[in-house]
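So, here's a batch of structures to check.
Next come two complexes, and both contain chain A; in the first it sits with chain B, in the second with chain C.
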Partner chain A sequence: MFERIVAHLRAPVHIDPAFGERVMAEIATLPTPTRARPAAAWRRLAPLAALAVAASVLLLIARPASSTRKLQFVLVAPQAATVSLVGDFNDWDAARTPMRPLRADGAVWSAVVPLAPGRYHYAFLVNGSRWLPDPAAPRASDDGFGTPSSVVTVSGT
Partner chain B sequence: MRVTALLLVALATRAAAQQQTDPRIARLDTAARAPIAALLDSARAAGLPPEPLIQRALEGTTKGAPPDRVVAAVRRLADDLGRARDALGASTEALELEAGAAALRAGAAPAVLAQLRRARRQPLMVPLAVLADLVASGVPVDSAAAAVLVLAGSAHDADLVEFRRAVERDIALGASPATAATGAARESILDVNSSARTGSARPRRP
Partner chain C sequence: MGIDHVGAGASDADLVRRVLAGDSGAYAGLVARYRDRLGRYAVHMLGNREEAEEALQDAFVRGYRSLGRCDAPDRFGAWLYGILVNRCRTAGARAARRGRMFVHDEVALNGASPGAPNAIERAEFADVVRWALARLSPEHREAFLLKFVEDLEYEEMARLTGAGVSALKMRVKRAREQLQVILREAEHV
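Our next item is the complex of A and B:
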């Protein structure tokens, strides 16, 4: 029995010579995968009042041919019902860039915004009333508005 | 011919009027509208970019800040933009002016901006932004300025951004901001020099 199995395994396998070409042709028809930068490491953050433990990651997800880049803003806010991304890029209009939950439990919120090169102030508006800066981004200078903002710089090169 | 000229003048006048009365002004508190409009007009007349000013006004208004604070913030920014242009030169682009204003607001001396202009042929937006961000992270302004000045001559924008990230990472790991800036600057200089010699970037820290 053992010898029969060995003999079977040792028997040459006949492969269609055109098999490799067919595989490569099939691969050539598949869409080119998008190459994305790996996400920054999640950071352990202090609780922010009773609302949420919030963290965010700013992730460059794509770079189109033009100088405009798509940036993904992410906020971890487990107890939030709504989150908006508000900043210089949308005239500080809280209705223009609502963030969407990335997971079913609604803990991670995300929005993707195309940005031209520049330096932008922004903040997250949670439940329509609570402003949060991005814990993973540099803080903007204090303008005395009562709540801090963050800044993101999009390079043109 | 004459009609065409009159039409062009009318269109130009209309465009100028639209520029003068930015519709976003209507979103501001009524008490802030006139002074902000005046600041925008002054900025335009002085050749300064009005967009950062209207954005600060909108930020303050959206956040519910009192009108006097909004006006004060916009006036302060207009002053900073003017100081940045004085330091960086009359032909400085709007993005550089805005980053320069942020660096000045963070505490950098105008002389640092002028030194950066002399040290770097590439656009200055990123080095100025990195300088402002480092100070915001707690790095003493002198240390931040010295590090950025050293790097600005040969580092690419991406190197400077990586430098800032390294500083922030080291601060998060417990290093003092000044120590973090010094250590990261040393590594970045090695990276830049290595890239210049070999044409490829040295492996970076995770």
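Our next item is the complex of A and C:
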């Protein structure tokens, strides 16, 4: 029975023959993507000790010579086994920005992300399945995907 | 030239380079190459063809917009897979809020003509499998599909999902056990 299920699931599925045309029509309205610039040389990070007192904070911790800024996202999640930062800036890809424990007890998680000026939606993904907006940041209006997220705006000045 | 034939002989890396150089039409080659495999995952993950195609289109468009950040163009497919896995998570959460995860597959059912009992049986089996998959938690369904249907290694699954290898092995094991229990129950209904 199990083998029959797997064989059934591996069989090709029907996708609308016009699917490719629909994708290409949508991307025709978008600007040509460009290769991301190499990361700039950041200044030394600010001390992190003060972060543990906040439930969740978002800090601007360095500004490079260009307009891109380096922000630190922090979440207090003592019970978490893994935490990822997901957002517009990493295509909501949980594998791209894993957060690291700042303290030995694993209660405070941190990730540093360089961001160009703009407005970004983001959230935390705890244990690979639980989505959390940032409790200390403005909540994003529903984007139609049904998952709560937060907003950070990086100014250009 | 049909859209399915764009860049048929080119590597992923070649097509990515062409797109980044301004030839947006080359992206059609990547769409054609990965549409069916990624579509299969989305259909089985979401249990709804319409929502699966929506998530798939969204993944391809996001992939295009972010193509400059694809660090390994020769692994474009794996990179795009990561985007799709996340789109399916958000689409699944949205569908779950509406309380809708399982629908009849009209395409399969329409293909089962009254004079073809085997086709009807296949369509019924497909419905049972889809129903059983929908009863798994999203995490278990995701792990099961990536392992047994997409045939990925645990390390690749960990990269895509953000979960640890041990957790994924446990999810796959439990998903398989739960599916077998669910399907045994279905046989007696």
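Operating definition for what follows: the second predicted complex is superposed on the first by the 102 of 157 C-alpha atoms of A that agree within 3 Å, B and C clash if a C-alpha of one lies under 4 Å from a C-alpha of the other, contacts with A are read in each partner's own complex, and residues count from 1 in each chain.
Operating definition for what follows: a contact is a pair of C-beta atoms (placed from the backbone, for glycine too) under 8 Å apart; a residue touches a chain by one contact, two chains touch by 3 or more.
As the structure is a computational prediction, the values presented were derived from the model and not from experiment.
When both complexes are overlaid on chain A, the residue A:Gly128 reaches chain C alone and has no touch with chain B. Looking at the shared chain after the overlay, A:Ala95 reaches chain C, while chain B stays out of its contact range. When both complexes are overlaid on chain A, the residue A:Pro114 reaches neither chain B nor chain C. Looking at the shared chain after the overlay, A:Pro78 reaches neither chain B nor chain C. By the touch criterion defined above, A:Ser155 lies against chain B but remains apart from chain C after alignment on the C-alpha atoms of chain A. More chain A residues lie in contact with C than with the other chain of the pair chain B and chain C. By the touch criterion stated above, A:Pro138 is placed in contact with chain B alone, chain C being left untouched. Comparing the two complexes, residues 86, 91-94, 131, 144-147 of chain A contact chain B in one case and chain C in the other. Within the complex formed with chain B, the residues of chain A that make contact are 43, 86-88, 91-94, 117-119, 121, 123, 131, 138-141, 143-147, 149, 151, 153, 155-157.
Chain B makes touch with chain A in their complex at residues 24, 52, 55-56, 58-65, 69-70, 72-73, 76, 95, 98-99, 102, 105-106, 122-123, 125-126, 129-130, 132-133, 136-137, 156-158, 161, 164, 168, 172. Touching chain A in their complex are the following residues of chain C: 3-4, 19-20, 22, 24-25, 27-28, 31-32, 35-36, 39-40, 43-44, 49, 53, 56-57, 60-69, 82-83, 86-87, 89-91, 93-95, 97, 107-108, 125-126, 129, 132, 138-139, 145, 148-149, 158-164, 167, 176, 179-180, 183. Considering their complex, residues 1-2, 4-6, 8-10, 12-16, 19-24, 26-28, 30, 32-36, 81-82, 84, 86, 91-96, 98, 125, 127-129, 131, 144-147 of chain A touch chain C.
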